[in-house]
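There are two complexes below, and they share chain A, which is joined by chain B in the first and by chain C in the second.
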Partner chain A sequence: MWEFWVRSLNASTIFTVAALGEIIGQRAGILNVGVEGVMLFGATISFMVAKTTGSYLLGFLAGIAVGALIGLLHAFFSITLGGDQVVNGMGIWILGFGLTAYIGYPFTGPLGLPRIPTIAGLSPFFIFSVLLAVLMWFFLFKTNMGLKLRSVGENPSVAEVSGINVARTRYLSVIFSGMLMGLAGSIYALDYNPVWNYNFLMGWGFIALALVFFAMWNPLILLGGSILFGVLWQVSLNPEALLPNVFSRYIWRTFPFVITIAVLVMMSTRWFSSRWGAAKPEALGLPYEKD
Partner chain B sequence: MKLAGYTLKFEKKENFTGVEAAVISVLAILFALFLVGIIFLQAGVDPAMGYYEIFSYAFLNPFGLPLTINRAIFLLLCTCAFIVPMRAGLWNIGMAGQLYLGALSAFAVAFAFGARSDAELPAGVVLPLMVLGSAVGGAAAGAIPGLLKGKFNTNEIVVTMMLNFIMFWLVSHMIKEGGPFMGSGGEGEGYRLPASLQPQPNLGVPFTFWFAIGLTVLLHVLFAKTRIGYQIRAFGLNPAAARYAGVSPFKISLLVFILGGLIAGLAGYHYFGTVPGLFKIPKNYGDFGDLAFYGIICGLISQGNPLAAIPLAFLFGGLTSGGRFVQGKLQLGFGIDYAMLGVLMIILVAFQFFFRYRIVLKKDKER
Partner chain C sequence: MTSFYPVKCPHRRQGSVIEWLIPMTAEIKHGDIVLEARGITKRYPGLVANDNIDFEIRAGEIHAILGENGAGKTTLMSILFGLVRADEGEIHVFGKKVNFRSPLDAIDLGIGMVHQSRKLISAHSVLENILLGHPQAGSILNFKKAAEEVGHLCDRYGYKLDLNARVWHLSEGEKQMVEILKALYRGAKILIMDEPTSALAPPETKKLLKTIQIMTRDELAIVPFITHKLPIVLSISQRVTVLRRGKVVARLNTADVTEQRLAVEMVGREVIFELERDVVEKGKPILQVENLSAHDEKGIHSVKDISFSVHEGEIFGIAGVSGNGQQTLAEVLAGLRKAAGGRVLLDGLDVTQTSSLDRWKKGIGYIPSEQRAVGSIGDFSLVENMLMSYYYDDAFSKWGFIDFQKTRRFTEELIAEYGVATPNADVNARNLSGGNLQKLILARVLSRKPRLIIANLPTQGLDVGAMEFVQNKLLEARKSGAGILLISEDLDEVMALSDRVAPMYEGEFMGILPGETADRETVGAWMAGLKQKAVEQ
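This part shows the complex of A and B:
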C-alpha cells in the first residue's frame, strides 16, 4: 500500500510542476494550451542529454533551458505578434509532438543510469513541488511583484497606466512558465519513468492544463488537485489494488480522462461559477496592444 | 524599420482576399518544407533527392499512388471534421477519438451480422449499415464536447483531447486480449472483415473517395448558401453579436460538433474498412489517430474553406506516404512524417501574422 501512495505522490509531482507553470502564465494573461508540447520537449531533450553525458544535472538543466526557449517562442507569437493564443499553443503542442517523435527516436529505451535516490520510495521532487507551490502562492498573493503580475492578467491597460511594463512582465512570466513545464517533462523522463518512447506523456500535459481550471488559478488548491489525479493515475495503472476483475486494464486506463471531463463539467456549471468563478484572470487569452 | 532609404512597416489589415490567402499559404508550406530539408541535410540526405523520392513515390509509383489516395481521402475527411467547428470558432482536436469510435461502430455492425465467421453476408445491406454505423459512432463522440460546450461552456479543447485518449483505450479493450473484436491471430489486432464485406476499389479509388468529395462540396454549399451555414459563420466571427441576432449557442455548438464527429467517423470506416490489405482495425491504429492531426494543419491552411482542403489533403497525403517510404529507402530516422507535421504546424502559426498585417515598403522622402 505504501508503494501505491508513494507512486501516486510521485505522479502528482509532474502535474503540480507543469500546472504551476501554466498558472503563472495564465495569471499574467497568457494562455498556453500546448503544455503537453513543452513537456514533451523538456522530457525528450533532458533524456537525450542525460543519456549522452551520463549527468542528471545537465539533463535537468537542458530540459529547463528548452522549456524556456519554447516559452520564449510562445511569448513572441502571443505578445509581440499578438496572434490567437489558442492557435499558438496548438502549434507548440503539435511541434513538440512531431519533432520529439523524430529527434528522440534513436534514444528509444531505458535511460540506463542509476535511479535518483528516493526517501523510502518518495521522490525528492515531490517535496520540491510542494515547496514550489507554497512559494508560488506566497509570491502571487503576498508580494508586490505578484500583485503586479496578476494585475497584468486582469487589466493590462490599467496596469500599463500605473507604470507596469505589461509586455516585459508577460514575457518573463511565459518564459518562466515554459521553464517549469520543461522541468516537469524532465522529472517525468529522468525520474518518474526513465524510458523514452514516442509521445510517451499520453495526455499528462492536457490534464495539467485542466488542473489549472480545477485549481481556480490557486497554487495551493492545485496541490490538492494534483495529488488527487496522481492517485487516480495509479489506480488506473494498478486497478487490482482497488477493485479486482471489474474492468479490463484498458478500460481502467480511461479512468483519469473520464474524471477530468467530469471535473471540468462540474467546474463550468453556473452553480459552480456563480460561487467560485471569479478567480479567472479577466484578460486571459486576449492580445494586448499598447495604445 | 529603416533600410537604405526605405521604411518597412507592418500595417494592420482587416481582411484579406482569396489570392492573398493562397499566396501566404503556399509560402508557408514552401518555407516549412525548406526547414524539413534541413532535417534531411542533418541526416545526411540531399534534400532535393529526398523530396524527389517522396513525390515520385507518392504520385507516380504504382504502389505509392493508391496509398496517397487512401491517405488523402482520410485527411480530407479529418480536415472537414476540423473545419466545421472551426467555422463556428470552436476547436475540434478530437478527430482521432471520433474516428476510433466510428471505426468501432462500423465493425460492431459487421460483428452483429456475424462477420467473424467466414459466412457470405449480403454486402448490399451490411456495407451501407457499416457506413451509417461509423457516421453515428463518430457523431456520438462529437456530440459529447458539443453538448458540454453548448450547455456548460466547457473547454472543448481539453474535452476532445481527453476523448481521444478514452477512445484510444476503448479500441484496445475491444481488439486486444480477449476483447470481443479480437482477430483470430491473437496478435492484438481486430478481426478481419470477410471477403463479402471487402469493397474493392473502382478505377483505383475506393467508393469512400466519392463520399469525401461529395461531402466537401456539400459543406461548401452549406457555408455559402444556407441559413444554418450563415449562422455558423456569424457565430464564429462574433458569438455575442450572433446571440443577439437570435442564434442559439447551444444549437450551433452541438450541431458543428455532431457534424464534425460524423465526418471523422467516416474517416475511421474509410481507412479500416475499405483499404485493401487492411479490412480490420490494425495493431498500430494509433498511427492513424496521429495522422488525423494533419487535419488541423489542412484546416488552418485552407482557412476553413472545404474546397481548398481537397488539394491540400492530396499534398499531405502524398508527403506522409512518401515520407514513410523514404524513411526506409534513404535510412532516415523514424518519424520524418512526424517531424514534418510539427514543423509545418509551427510555421503556419508564425505565418498567421501575415493574415493580420501587411508589409508596407515606403521610400523615404528626400531631405
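This part shows the complex of A and C:
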C-alpha cells in the first residue's frame, strides 16, 4: 500500500512541475497547448545525454535547456510574430512527437544508471515540486515581478502604460515556462520511468495542461489537483491495489483522460465562466499589438 | 532625459513615497508655471492636427482644454503625455525643456494621466493596480505600507475607498479615483484628465469636482480635456483654452464667460441648444413590455421586472449611467438575448420568443451602441453593409441571388440623402469616421420605415454636427409616427428629446416622468439610485 501512495506522489511531481510551467506562461497571457511536445523533447534529450555521458546532472541540464529553446521558439512565434498560439502549440506537440520518436529510437531501452536515491521510495523531486509550487505562489502574488507578470496576462495595454515592457515580460515567462516543462520531461525520463520507449509520456502533458485550468491558475490548488491525478493514474494502472473487482482495468485506464475531458468541458461552459471566469487571465491566447 | 530635482525620486526603495511627496508641494508656489507648451505643431498626412499651440498651466489651477472631436485635443494630450512626438515646438515642465520618448518619461517628471477608457486591470485589487509599475515598489511588495500611504492620500482628499476590493466591483467614479490615486502616488503634480465626467452619474461628478478642488490646494495642476459638457467647464475651471481645427482660438477666464460664448468659440458658429420639437399626437401603443427580466452575458440579473410602453409618435427615453442594464434591455427587445421572464408585445402581438429577423420584418429597427463591433462589418463595403438590413427583402434578392446593381444604386441614393462623406459606396466601412458610419447605420435602419426604433446610445462619440443630425433624424421619425426607444447616457440629450423619461438604475426603472415637467436634478439623482423605487407611473 505504501508503494502505491509513493508511486502516486512521484507521478504527481511530474504533473506539478509541467503544470507550474504552463501556469507561469498562461499567467503572462501565452497559451502553450504543446506541453506534451516540450516534455517529450525534455525527456528524450535528457535521457540521451544522461545515457551517453553517464551524468544525471548533464541530463537534467540538457532537458531544461531544450525546454528553454522551445519556449523561446514559442515566444518568438506568439509574441514577436503574433501568431495563433493554439496552432503553434499543436505544431510543437506534433514536432515533439515525431522528432523524439526518430532521434530517440537508437536509445530504446533502460537508462542503465544507478537509480536516483529515494526517501523510502519517495522521490526527492516530490519535495522539490511542493517547494516550487509554494515559491511560485509567493512569486505571483507577493512580488513586484509577479504582479507585472499577471498584469501582462490580464491586460497588456494597461501594463504598457504603467511602464512595463510587455514583450520582455512575456518572453521571460514563456522561456521559463519551457524550462519547467523540459525539467518535468527530464524527471519523467531519468527518475520516474527511466526506460526510453516510443511516445513513453502517454499524454501526461495534456493532463498537465488540463490541470492548469482545473487549478484556476493557482499553484497551491494545482498541488492538490496533481496529487489527485497522480492517484488516479496509479489506480488506472493497478486498480486491484485500491478497488479490486470494480471495473475492468481497461475502463480504469480511461479514467484520467475522461476526467480531463470532463473538466475541460465543464470549464468551457457558461455556468463556469459566469462564476469562476475572473480567475482566467483575460488576455490569455491573444497576441498584443501596440496601438 | 533632463533630470529635475523636485520630481525625481531620491533613491529607489528608500523611504516612503509620502515622505517625498509632501515636502515636494512646498517647493512649488501657487501660480508658478508648471507646464508650458510653445508652438506645438503636429502634422498627419492631409491634416494639421495641432497648429502652433501655446499655453501654460499654473500650479494650483484647473485649466480646461475645450474642443470638439477632431479639434486636436487627443493629439495634444498624447504629445503632453509622451505617447506622440510633436513635429515642432517645445514643452517645458517646471521651467526645464523636456523631450519625452515615452509616457514613462512624462510620469517620471510628474505628469499623470487619467484616461477616459480606464487603464486599470479589473481582476486585480485597487492596491495592486496602484502599485503596478511603481518605481519604488521594491521586489517583494509591501502591501501594508502601501495601504497606509494610499490611505493617507485618500484621507487628505476626502475620499473613501476599499483598497483591497477588486477593481471590477467598483463604480465608474471609484475606478477614476483609483487612476487619480495611482498618478498621485507616483508623484504626479500635473494631472491630465481625459473627459473626466463623461462616464459619471451627476452625484459622482459632484464628488469628483469637490475632490479635485481640494487637490488644487496642494498646488496640483489639473488639466481636464472636455468635449461637450460646457457647464462642467464653467463650474470647475479657472481658465480655459479653446481649440478649433488644431488651433488655439481663445484663452478665457471662466469667471467672465457664458456657456453660449464657449460654444461659439468651440464650434465657430451659433449653436442652437434647443432642438425643435414639433407637437405630435401620441397614438396607440406599439411596444408593450410587461414584467420583463433578463440576464446579461456574465449571468447577472441586470433587467429586473420592467414594464412600460412606447406609443406612436413618442420618444421614450431611458436615462442611465452605462452598466445599469440598458444594454441588456436593448438586446432583449431586439431579440438578441433571451428574456428570463415577462412579455414583449409588438402591436399587441407577443414577440417574446421570436427571432431578431422576425422582429425586423415586423417593423423593429435597431441602432446598436457599438457601431463598429455590432452595427457594421469593417471589412465589408458600404453596399454590403447596407444589405444587412435588406438581404431578406425580395426586392433585393431573387432565388438566393443578390441584385448588387440595385443595392448599389440604393446605397448611393441613401449616401447622398444622409450626407455620408465617402469617395464611393465600395469603400470598406472601417474607413468611415464615427459620425459618417453612424449616418450610414441610421440610413440603413430608417430607410426601412420601422414602426419602432430602438436607438442605443445613438450619438455616443459623435461631434456636435453629427449629433445634431442624428437627433433631428430621430425627431423626424417621431413626426412620421414611429415610436422611438432612446437609450442614452447623456442627460441633456434624453431631456431634450424625450416625451417621457425613465431613469434606470441597477436594472430597474426608478420611475417614469413626463419629459416636459421632469427636471434635470431629479432625473440625475434617480439615475444614480438616490431614490426608493417610485410608485407613480
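By our rule, the second predicted complex is superposed on the first by the 278 of 291 C-alpha atoms of A that agree within 3 Å, B and C clash if a C-alpha of one lies under 4 Å from a C-alpha of the other, contacts with A are read in each partner's own complex, and residues count from 1 in each chain.
The rule is short, and it goes like this: contacts are C-beta pairs under 8 Å (C-beta built on N, C-alpha and C of every residue); 3 or more make two chains touch, one makes a residue touch a chain.
These figures come from a predicted structure and were not determined experimentally.
Under the clash rule set out above, the superposition-derived model of chain A with chain B and chain C shows the two partners fitting side by side. With chain A as vertex, the superposed Cα centres of chain B and chain C define an angle of 90 degrees, given in steps of 10.
Once the two complexes are overlaid on the shared chain, A:148 sits against chain C while remaining clear of chain B.
Judged by the touch definition given at the top, the superposed model places A:81 against chain B, while chain C stays out of reach.
Using the contact criterion defined above for the overlaid structures, shared-chain residue A:248 touches chain B, although it does not reach chain C. With both complexes placed on chain A, chain A has more residues touched by B than by the other of chain B and chain C. Of the two partner chains placed around the shared chain by superposition, neither chain B nor chain C is touched by A:15.
By the touch criterion stated above, A:97 is placed in contact with chain B alone, chain C being left untouched. Residue contacts after overlaying the shared chain place A:157 against chain C, while chain B stays out of touching range. Taking every C-alpha atom of chain B against every C-alpha atom of chain C, the smallest gap after superposition is 6 Å. Residues 270 of chain A are contacted both by chain B in one complex and by chain C in the other. Only residues 142-145, 147-148, 150-151, 154-155, 157-159, 161-164, 270-271, 274-275, 277-278, 281-282 of chain A touch chain C when the two sit together in their complex. Against chain B, in their complex, chain A makes its touches with residues 33, 73, 77, 81-84, 86-88, 90-92, 94-99, 101-103, 105-106, 198-199, 202-203, 206, 209-210, 213, 248, 250-251, 253-254, 257-258, 260-261, 264-265, 267-270. Note for the complex: chain B touches chain A at residues 39, 91, 93, 144, 148, 152-155, 157-159, 161-166, 169-170, 172-173, 176-177, 179, 290, 293, 296-297, 300, 333-336, 338-343, 345-346, 348-350, 352-353, 356. For chain C in complex with chain A, the touching residues are 103-104, 107, 113, 115, 119-124, 128, 131-133, 135, 137-141, 166, 168, 298-299.
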